[in-house]
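What follows is a pair of complexes built around chain A, which joins chain B in one and chain C in the other.
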Partner chain A sequence: MRPILLQGHTRSLTQIKYNREGDLLFSVSKDQVVNVWYSHNGERLGTYNGHVGAIWTVDVNSTSTLLLTGSADNTAKLWEVQTGKCLHTWEFKTAVKRVAFSEDDAMALAVTEQRMGYPGTIVILSIKNDLEAEQSDEPINIVYPKGSKAMAAEWGYLNKYIITGHEDGSVAQYDWKAGDQIKSVKAHNAEITDLQMSEDRTYFITASKDKSAQIFESNTLNHLKKYMTDAPLNSAAITPIQDFVILGGGQDAMQVTTTTMRQGKFECRFYHKILEDVEVGRVKGHFGPINTIAVHPDGKSFSSGGEDGYVRVHHFDEDYFKFKYPELH
Partner chain B sequence: MSADIVAPKPSWADEVGEEFDPLPLETFTDENGIKTVVEYKTNDDGKKVKVTRKIKKTLITERVNKAVAERKKWTKFGEERGKKVGPDLSTTSIGEQIFLKLSSNFKNAETTDDNIVNKGKLKKILCRICKGDHFTTKCPYKDTLQPLDELNTTVPDASKDSAPAAEPAQPDTTSGKYIPPSLRAGNKGTGSDSFKERKDDATIRVTNLSEDTTEGDIHDLFRRFGSISRVYLARDRETNVCKGFAFVSFQIRDDASRALQAINGYGYDNLILRVEWAKSSS
Partner chain C sequence: MPGFDNARQFPQSIEDLDFSDIEEKYKVPFEEGFDTVIVVDNAPTVDESKKDKLLKFIKKIFKNAGNIKDIDMPMDPDPKTETLTSKGFLFIEFETPEQAAMAIKQYDGYPMDKTHHLAVNRFTDIEKYSQIEEEYKEPEEEKFVEKEHLRSWLTDPQARDQFVLYRGDDVSIFWNKKTEPPEEVHKRINWTETYVQWSPLGTYLATFHRQGIALWGGPSWNKIIRFVHSGVKLIDFSPNEKYLVTWSNEPITLGPNGGAGTPFGPEDEGRQIIIWDVHGGNLLRSFPSSTLSSDGTPNKITWPMFKWSPSDKYFARVTQGQQGQQGQQALSVYETPSMGLVGNKSIKIEGLVDFEWAPASDKEKEKDKHSGEKKQREELLSYWTPEIGNQPARVTLLNIPSKEIVRTRNLVNVTDSKMHWQSNGDFLCVKVDRHTKTKKSTFSNLEIFRVREKDIPVEVIEVKDVVIAFAWEPKGERFAIITTSDPNYGQPTQGGVTLKTSVSFYYLEKPKPGKETLEKKTSNAIYWSPQGRHVILATLRSATTFDLEFWDLDFETTLDQKEFAKTDPAACLQLMSTQEHYGVTDVEWDPTGRYVITSSSFWRHSIENGYILWDFKGTQLQKHLLDKFKQLLWRPRPKSLLTSEQKKAIKKNLREYSKEFGKKDEEEESTLSEEQIKHRRRLMEEWNAWRKRVEKELSEERENAGIVSPPRRDDDTIEVIEEWIEEVVEETEEIIDD
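Then we have the complex of A and B:
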């Protein structure tokens, strides 16, 4: 396959995300720009300009009308996807590290950084899915995570709870209405860098700096699978069609200049989702650590964003779909 | 979406030619929708040739989600405002071909791949036992000779730490990669200086070499012991074949001493090498 290289950013990528149909790909980076691309040919549709700090996170609602971004300029911004117009800005005390729309699009969560004496919080925002409507500044609730700060968060299915990944490697479930922690498990030995839900949100995958990725059941936080690699991980994604997980990471950015590309382990690794420690393939290409991975909802392509400022869109070849694990068939 | 193949436009030269000699153009379409165009024209040699072109038009219909189709019509905005439809080369490019080989024993496949790649950097596959261009397992001497690497480690040497550490750091001068002057073999100052400063006390003489030995072979053989500052291979003036002996100068005498111990009596190209200290010519 020949990947499509998207050169819309001048600094390292922080998150990329497909919309529900997968025709649009949103990318955010530390260079303060949000880009949107057509995923099939890599054409840039537009940019969303307005943030004045590194952008950490992006999410799009299910109808692809509203886009939410969180930035180090202590704001979260809501954009009109089609025109790039900023519809609303929420101000916080600290940087916004993660945003996510709820399943019904009526709410969004924003994880704020713990810094300058302010505690890390998870703010539940109310979202009106109407481009003309005035958005409310008043959050529905603010959850104060216990223990170490939250690094990543996602909604559980039917918005029953919020699942968070923490700096100390633990995974927790929060009741967002009451603001209480329901459950917590110590999953990893180092900070959790990414948390992505399966399609039906019944399980999720976490990536951690402890060089492993794990799958947990959403409802019970039961540990299901563990994938061990030899490099710190920054992102993990689950693929439809084939039972794989894609893990991306690599050595820390600060050490990259002192090592060769091969030693840096800047590859997207494919592991068999069921068989855990079976690595089935790798995709090379980035010159630096991979910061974020997203899989097209139809499972026919995936994209990775790296510290090198590139997004690489890979459309799988025919033989990817023909691959069958011999012992399972 | 339609992908139609259009017949190439005839060049102006052909048109000019046809003015003088208008030849008939036959066009017919068969039941499968394949259009056949037959034309006659005169080629450069003045001969009349028949050109038959078959054109098939296929309409490929792709079904997409209504919302997706709608979004494809969106006008560009932000920094892309006013730009024309289609990927812009300044932001979108196609990377080089990469292969995602899926396999159930990927790890094993990858390591053997790496070995081949690494050996490829040395321009050929090297046998660890006899330095021939075949795999170690296929070496004809594998039962009789010890691998060279093991030989190296069995040599009792005082500077144990320097030898294995120097091995990976030793840049491969044959790979064609750029190597900064400070890392090149013979890195003491500039080239001419090092030539003058060449110490004969770190030079060894290798004899009983076979006729087809080259400087590269000598480099390959002695590289592992330390950085080599010079290799001189005596060649016959007329036939340019090896005369059977060579001088190898190392940077450090200890390296030379270890090389001497390891390679003296070592089987190479069916011959037993003899290594001794080079005697000064004066």
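Then we have the complex of A and C:
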């Protein structure tokens, strides 16, 4: 099917996210606006206005009532999804690069940037899911990551731990209550740009500037799979239904003006999740690096957001679902 | 503090002291001090009266080597004549050991006169050899090491071809395995410093190093031989791999010890080109780099500087004659193995610009092999000279070694000319770029020399446009040219504007002389299959177009068209496939014409470096993207040993052979894919087992925590709500009167 082009941002996309049902798609961009779209037809439902800096990250709770965003204006904001009302604003010392709700929606984490003499932190916030309730300003805990700063973070299942991806390419497990590092492995040779959990949070995929993406087991941080590409990666996602992963990236935005579109490798690449070295297909379209990829929870479509300011929503064709390796089944 | 408690142990007298260790340490070696002395043997024996005369003569010879400090000729009374006579040898002492070494190097074997060839040796050597034990000891026999079979790759049962791939710092040799990924034969990191090159018959792989060239080969890929030439940049093998020409931008220097330990002698100093014997590794002759041009500036290096005749018997180059003298060009033809000029002098040809040897036909090659040294076949070369004064430009065919002119042809209004020999030497095409009288525009003429026919008739084909590429079909009588009338041609364009071109195929004989032109192309390079018939038209080094067109010139037509095909060559001209290879920089046919590799090299740009393997029809078999991919070269094959009858027989029974090989291919494919399937199955099983384990753990943990796992979404639970919204845009009430 023809992809749906969502033209609602004036600057590059930083993160996109589906809600749990997948009917809504949230997108944030450096243009300081949060947009929400109907994922099936690309109609824009509304915007959340209030940030005064580039927005880096977005997450929605499992009941699609609350939306959390993090921005370069040193704040994280909690919004009512339905009305667009800002419910609460947390102030930090530096920009908020990544936010994520816990599995039970009772908590959220916010990764803050290391800048201006302030260390990078992971702040654990308590969230009340009642729309009327007053949110607490006081964080539950602040984790100071060891060594290199955190670039991305996610919750483990049952809130057992948080998983962080770091600038030096390492992946670590932190006890969010005690603030201690449990485990750390050197996964990539360059900074980790994205970290997405599988549906049941038992494994996760990392994307890195070292042109590879890898899958790790959450509990043990055991390395499971590795996907080598020929371009720096900005995002990686795992697809339900089919055993694929989608990788996106491309050469650095800084170099784009000096080269042709073809050279930039601005394509979403599909790899077989289990067979690793089998590239199944590519989806072209963006004319800048792909910054973020999200897969619809039902696995029937996916979206990508690029440096070019567009979100492209792709619905898979019939062939996609029929595809399988006959010799393996 | 050390005490003297054990003073009793000290030796009592000086005799008791053991000085042997110190003696050993400060022993004066016998040889020392005699390094500057040489022994000259085989000198004439003279009596007292002629002694001074001889010594004066000897001194005169050896003073070139260095300053003679002392010379001594022992004299003994002759038992018969009772007069003092010399004993045929004398000693010379030089100032430095280097001078002595130089004297030995230069004058050992020096012919003083007809009967006296001087034997010059180091004095210390004489001492050494005189101390050799009297008893003969059988030298240990050196174990015979069998040389490796240098053409072992040809014995591959599937007749696969090899190629060398240079990427980053790694050089690897691969077998081409069609659709399967290539099989690595050998790999070395930092095997070469600049690039690699095969010898023309594929026997050796040459690697470039700071110190010189190394040749590798055989099944083990060991070093076979090494040629010392510091800073070597370019090499060229003779067609039969007997000789190697190397060029370095650094003139040869002998160093402080006069070139001892190197293959160079004083006559090599300052020269830049060396001709080597490939088998023995010996330096045969060195040459200065091409002489200065008339205005005194060094000439641009054109490579190969020496062009070899197809039999390896002759090599030649254009020399500029005396400096500052215009029009004194000459063709210097040298003979092997003597390395001397044919007839002891160069052939003076006024204005000589360029020449080419005629390739040998298969028959001639066969003859060369059998006749050996006995009979020397005349070899043919062609050269051209531009217009000088009133004399028109001229193409000449010349026989070597007789230097007999076979054919000349005069041309007018020539700006430039290029000679293209067909690979069998049957035809010579001289592409002449001519200008109109006003010299404002240029056009091309193709002058075809039918060399094998009596009196060598010449046909002229006029081409209105500029010919930018020309290529003969290997062993064929067809050729292809690319012409352009694009106004951008020759303009310094920005961003590599792709020229509009047309491609023409010319038929000299079959089915009838004529031509076929394809208009509106962008192609700018022609790549014939080494077997002829198939040709690739490529668009290289353009910034926007990367087309590859695979053409077949003998496309099998249906029966009723066959008649037609006899009169119209276009009926057999078929475009098999048009492909694109983004960023393509090079096209390489394998030596059998079955496969072709197009590659994008890091040396030109860093766009999608890597290579694609195609079959001759233009079907993509494999694509490899490799970071820092630099060079890929197919290993050339020597000429087949089969006679033409044997080849015909094979062609006749091709069906049976292909059946056999097809079966083998299938078998291999099935085993290979089986292995792959096995591997994939295992991966799937491992993953599934792991998932099972993890899911079980997860559900247990959830149960313990008392949190039920969120139910999986099912398609059934999805509720599709359709909303129909009716909007009333306008409602008006009109009362209509009856």
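Observations
Simple rule for what comes next: the second predicted complex is superposed on the first by the 327 of 329 C-alpha atoms of A that agree within 3 Å, B and C clash if a C-alpha of one lies under 4 Å from a C-alpha of the other, contacts with A are read in each partner's own complex, and residues count from 1 in each chain.
One rule holds for everything that comes next: a contact is a pair of C-beta atoms (placed from the backbone, for glycine too) under 8 Å apart; a residue touches a chain by one contact, two chains touch by 3 or more.
Worth saying up front: this structure is predicted, and the values here are computed from it rather than measured.
Superposition model on chain A: chain B and chain C are shown in a clashing arrangement. Contacts of A:D104 after superposition: chain C is touched, whereas chain B is not reached. In the superposition on chain A, contact of A:H166 is made with neither chain B nor chain C.
Look at A:H88: by the touch rule set out above, it reaches neither chain B nor chain C.
The wider contact with chain A, measured as residues touched, comes from B rather than the other of chain B and chain C.
Looking at the shared chain after the overlay, A:D200 reaches chain C, while chain B stays out of its contact range.
Once the two complexes are overlaid on the shared chain, A:F316 sits against chain B while remaining clear of chain C.
Shared-chain residue A:D230: touches chain C; no touch with chain B. With both structures placed on the common chain, the touch criterion links A:Y325 to chain B and to chain C.
Look at A:H51: by the touch rule set out above, it reaches neither chain B nor chain C. Of 184-192, 400-408 or 544-552, the segment of chain C whose C-alpha atoms clash with chain B in the superposed model is 544-552. Shared interface residues of chain A (contacting chain B in one complex, chain C in the other): 21, 325, 327. Interface residues of chain A, counted against chain C in their complex, comprise 21, 62, 104, 157-158, 200, 202-203, 217, 219, 224, 230, 243, 262-263, 274-276, 297-298, 325, 327-328.
Residues 1-8, 21, 23-24, 33, 37-38, 41-49, 63-64, 82-84, 270, 278-285, 312, 314, 316-317, 319-320, 323, 325-327 of chain A are the ones touching chain B in the complex.
Chain contact summary for the complex, chain B toward chain A: residues 64-65, 67-68, 71-72, 74, 76-81, 85-88, 90-104, 106-107, 110. Against chain A, in their complex, chain C makes its touches with residues 582, 607-608, 625, 627, 677, 680-681, 683-684, 687, 690, 694-695, 697-698, 701-702, 705, 707, 709-710, 713, 715.
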